[in-house]
Every structure is written in C-alpha cells, then in structure tokens.
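The structure's right below; bear with me while I get my questions together.
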Amino acid sequence: MSPASRGASHPLRRTVPAVPACVAGLRADAAGYLAAAGAPPELTEAVRLAVSEAVSNVILHAYPPDDDPGPVHLVVEVSRGTVHVTVADEGRGIAPRFDSPGAGLGLPIIANVATRLELGPAGEAGTELRMSFDGLAA
Amino acid sequence: MSVPADPQHGVPFGVDVRRDGPVTTVTPEGEVDLATAAELEAAVGEMPSGGRCVVDLRRLAFMDSAGLRAIMRLDLRGREEGWALVVVPGDGMVRRLLEVSRVGDRVTVVDAPEDVE
Amino acid sequence: MSPASRGASHPLRRTVPAVPACVAGLRADAAGYLAAAGAPPELTEAVRLAVSEAVSNVILHAYPPDDDPGPVHLVVEVSRGTVHVTVADEGRGIAPRFDSPGAGLGLPIIANVATRLELGPAGEAGTELRMSFDGLAA
Amino acid sequence: MSVPADPQHGVPFGVDVRRDGPVTTVTPEGEVDLATAAELEAAVGEMPSGGRCVVDLRRLAFMDSAGLRAIMRLDLRGREEGWALVVVPGDGMVRRLLEVSRVGDRVTVVDAPEDVE
C-alpha cells in the first residue's frame, strides 16, 4: 500500500455554515484529499466541479433566504477504485421551484461528471446527495 | 485547466478590465463560483451600443455553473443593449463546461482575443 | 399472501418508442400495477407523477431531436414495502443544457415525490433513473 | 385527485372554451402532459387587453410539469399583453403541484371561478 492510498483511507469530513464564501474551501479540500490519494487530474477536476455545484445548491436552496445559514456537510472517501462524495444539509428538502435563483444547471452538471448520483432525505430534515466517481486506480 | 500548485491556496479572485474605445476586455483570474460570479458580471460595466466585450477566461483555475449563468446574463444584456459578447475559454475545464452545457453554441467563442472579426 | 400482493410479485416491464403520446399509457400502466398491488392512493399518485416526468425527460432530452425516436424502458416492482421504478433510455446521457426545452422542473419534482432517486449510466449508452417510494404496506 | 375508475382508460383530453366579453374561461378535462399541454395553451387564443383568462383545472385527472410550464407561459403572455391569468386548481394533485413548485405564488389562484374580484 502506497503512502498516498494509506492517507486516503480516512474519510475527509467537513461541516461549515452554508454561505457563498465556503464553496472554494470545500472544493479545494476535496481536491487536495484526492490529489493526496493519487487521483488522476480528470477525476480530481470532476470532483471539484461536483462539490462546487452540490455545495452551491445547499447555499441557494436548502435554507429559507432570510434565516441564519444552516450547516453543509461534506464527506469524501475512497474505496476500491471509486471516490464517494456526500454533500448533505439540514434544510427544507428538494422541491421544484420556478423562482429558482439557479437555472436548473447544478444537478445535470453533477450527473454529467459523476458516474452515479443519488438523492434522498438526510436524517430528520434536509437532503443528502451522494455522488460516486469511478476511475481511481485501486 | 491550470490547477494551482496547492489547491488550498489558489490565486485570489480578481478581474482586470481594459477599455479601448468600443472594446472592453475583461480578464478574471482565480476561481468563478457563487461567491465571485457577481464580481465578474459587474466588471463589464457600462457598454457602448455597437461595442464589443471580450471576456477572457484563460487565466481561470476554475469555473462552475455560477460562471455560466453570469455569461448567459451578459449575453442577454449585450443583445438587449446592442453590443457583442465574445468569450475566450482557453482549452481546459472552462471550455469543456461551455461545450457540455451548450452555452458555447449561444455565445460567440474564440481561441484568442485577437481572433475577433 | 393476498391475491393483490401475489399479482405484484412480477415486475411490470414496458418498452416503447419515446414519443409524447407514450407518456399517458406508461403512467397509467404504472398506476394500474400499483393499484393491483394494493398501494394507497397517495403512493400511486406519486409514482404516476414521477413516471410522467421521467418518461418526458427521455422524450425531450435523450435523443437528438431530428432522429427517429429511440426506446424508453419502464420497470415497476414492489419489494418489502417499497416501490422501485426504473426509467431508462439508450440516448446521449445527461448533460446540463441551456437550450433545454424544459425548465429544470422534472428532476426536482421526482426528487420531491420519491423517497430516493438514483441517476447513472444505462448499459452501453444512455441514462438510467431509478426511483424508490416507501409507503406500501408489506 | 379524481382518479378515473380504470386508469388505463381515462377521460380523453379536451378543452372547453367560453368567451364572455372580457372574460375567457378555459376548462381542460383529462390529463395534461407533454402530449396535451400545447393544446391547453393554444385554447386561450386571442385575449383582449384588460381582459381576464380563467383556467379551471378542477376537472383534470392529472397534470405534470408540462402543465406548469404552459401556465407559466400563459402568465407571461398575460403580463406582456395586459390581461390577467387566474387559475382554479381544485384541491387535489394539481393544487399540490402548484404549491410545491411555487407557481401558485406567481400566478393568481382562486378556489372557484366566481371568486375573482
């Protein structure tokens, strides 16, 4: 086992308030973790983009705009050649919204760069988005 | 994509703006996301009718859908106000994002700012 | 085992050309299958809406507009209190599209009415959307 | 939601249109989806400026996002052409869909056609 893959055996875990300034740090943490795990650049780039979109969705959609921001949770882990990324919130759950500040781009971008995407409820309230990415040499 | 040596400490976001008669060239540096896209959009400022705004994205280390939305809004503003938007995406992740989202079909895309007309 | 739940043990499978006229038949088939399986009306209604959105997405997005329509595959099955619905195509795969004829409503509506949604590649080409719905008495 | 007795053989789609001076009442029946939404939208026809279009959805057995998009487009047309769109969703799945998508916040929603003004 190389030092890189040993380093990757502990998941990366972050919980921060969901504000626009947090997006850069979370995607950089995810990219740094994967680089240390020996991921090829295309894979790291796909995860950077997906984390950025998923965290932005939490900031834009999970909590009522006038409330104090709630938390966003990020977990990145590597297992048998696959990168697993989870972005979760404790917000109001997914609903279609005509007044969306986005343009319906986030989820399709994630579906495009990830191998697989899973969306479901998170604990008592909120949304959990799990993404997996193949392409890491085991 | 030019990944900064240490992704934790990328180039801070900034926008260089040059106005030369009817042509404004806007060159952002760093990463465009939810926190910085509004700054990119605002940097274009007042544009003369008949003018041209070149947005040079080649120095970006990263861009996500917030950047795509800013470009689409600028394109719309240009159509309404009568000036042309030209985007220079480089050949990294920004170009791939423009292509996959087909934003590149809607806005004028060139390889270098000199390539206009 | 009631006759209804016996009837539900065989999955419903349909493959038809992806054209607008097929949406009504596929969601009616799904609803009829669930009614026969003894599903409560809210659950049947959720599946009807999700099938309608998923099949519409295949029609709108999976195949190039000028080509002959490709197939849409629907599978509905019931297992241990959960309804599993799969809608798959053999098209170009998910991509974010600014020129989308939709408005980014389909996927969030499905995420809203389903318990869980999973999106990934289907076989050699195309997209597979799996949805699960809790709430069927086992 | 009024589910037809046999969902395989629901009411076929149709739209009843009544014009009474400045008020047009459009009442679709059956199911609104990708195949039928354009027909609902087209049924509104020419509207006089200052008029009112009441779309009564209470007889629908089903509506999906294709119907939401038709309603949003009619709302936009009304704003541009200067007439008012009023939607009567009933109390079934159509109302829930309008609420969850917040389309109900954007368009005028009433319980019955008589309830306008």
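General observations
By letter and in written order, the chains are A, B, C and D; residue numbering begins at 1 in each of them.
Here is the rule we go by: contacts are C-beta pairs under 8 Å (C-beta built on N, C-alpha and C of every residue); 3 or more make two chains touch, one makes a residue touch a chain.
Keep in mind that this is a model prediction, so the values were computed, not measured.
Set against one another, A-D and C-D show the most C-beta pairs in contact at C-D. With each centre defined as the average position of its C-alpha atoms, the distance from chain C to chain D rounds to 25 Å. The mean-CA centres of chain B and chain D are about 41 angstrom from one another, to the nearest whole unit. Each of residues 95-98, 102-103, 105, 109, 112 in chain A touches at least two other chains.
Each of the following residues of chain B touches two or more other chains: 65, 68, 72, 100-101. If you draw each protein chain as a dot and join the dots that touch, the picture is not a line, a loop, a star, or fully joined; it has some other shape. Contact between chains, using the touch rule, shows up for A-B, A-C, A-D, B-C, C-D.
Of all the residues in chain A, the ones that touch chain C in their complex are 93-98, 100, 102-105, 107-109, 111-112, 115-121, 127. Residues 95-99 of chain A are the ones that touch chain D when the two sit in their complex.
Taken together, the chain D residues at the contact with chain A in this complex read 65, 68, 72, 100-103, 105-106.
Per the touch definition, chain B reaches chain A in the complex via residues 1, 3, 6-8, 10, 31, 33-35, 62, 64-66, 68-69, 72, 93, 97, 100-101.
Contacts from chain A toward chain B in the complex involve residues 20-21, 23-25, 27-29, 31-32, 35, 41, 44-45, 48-49, 52-53, 56, 59-60, 102-103, 105-106, 109, 112.
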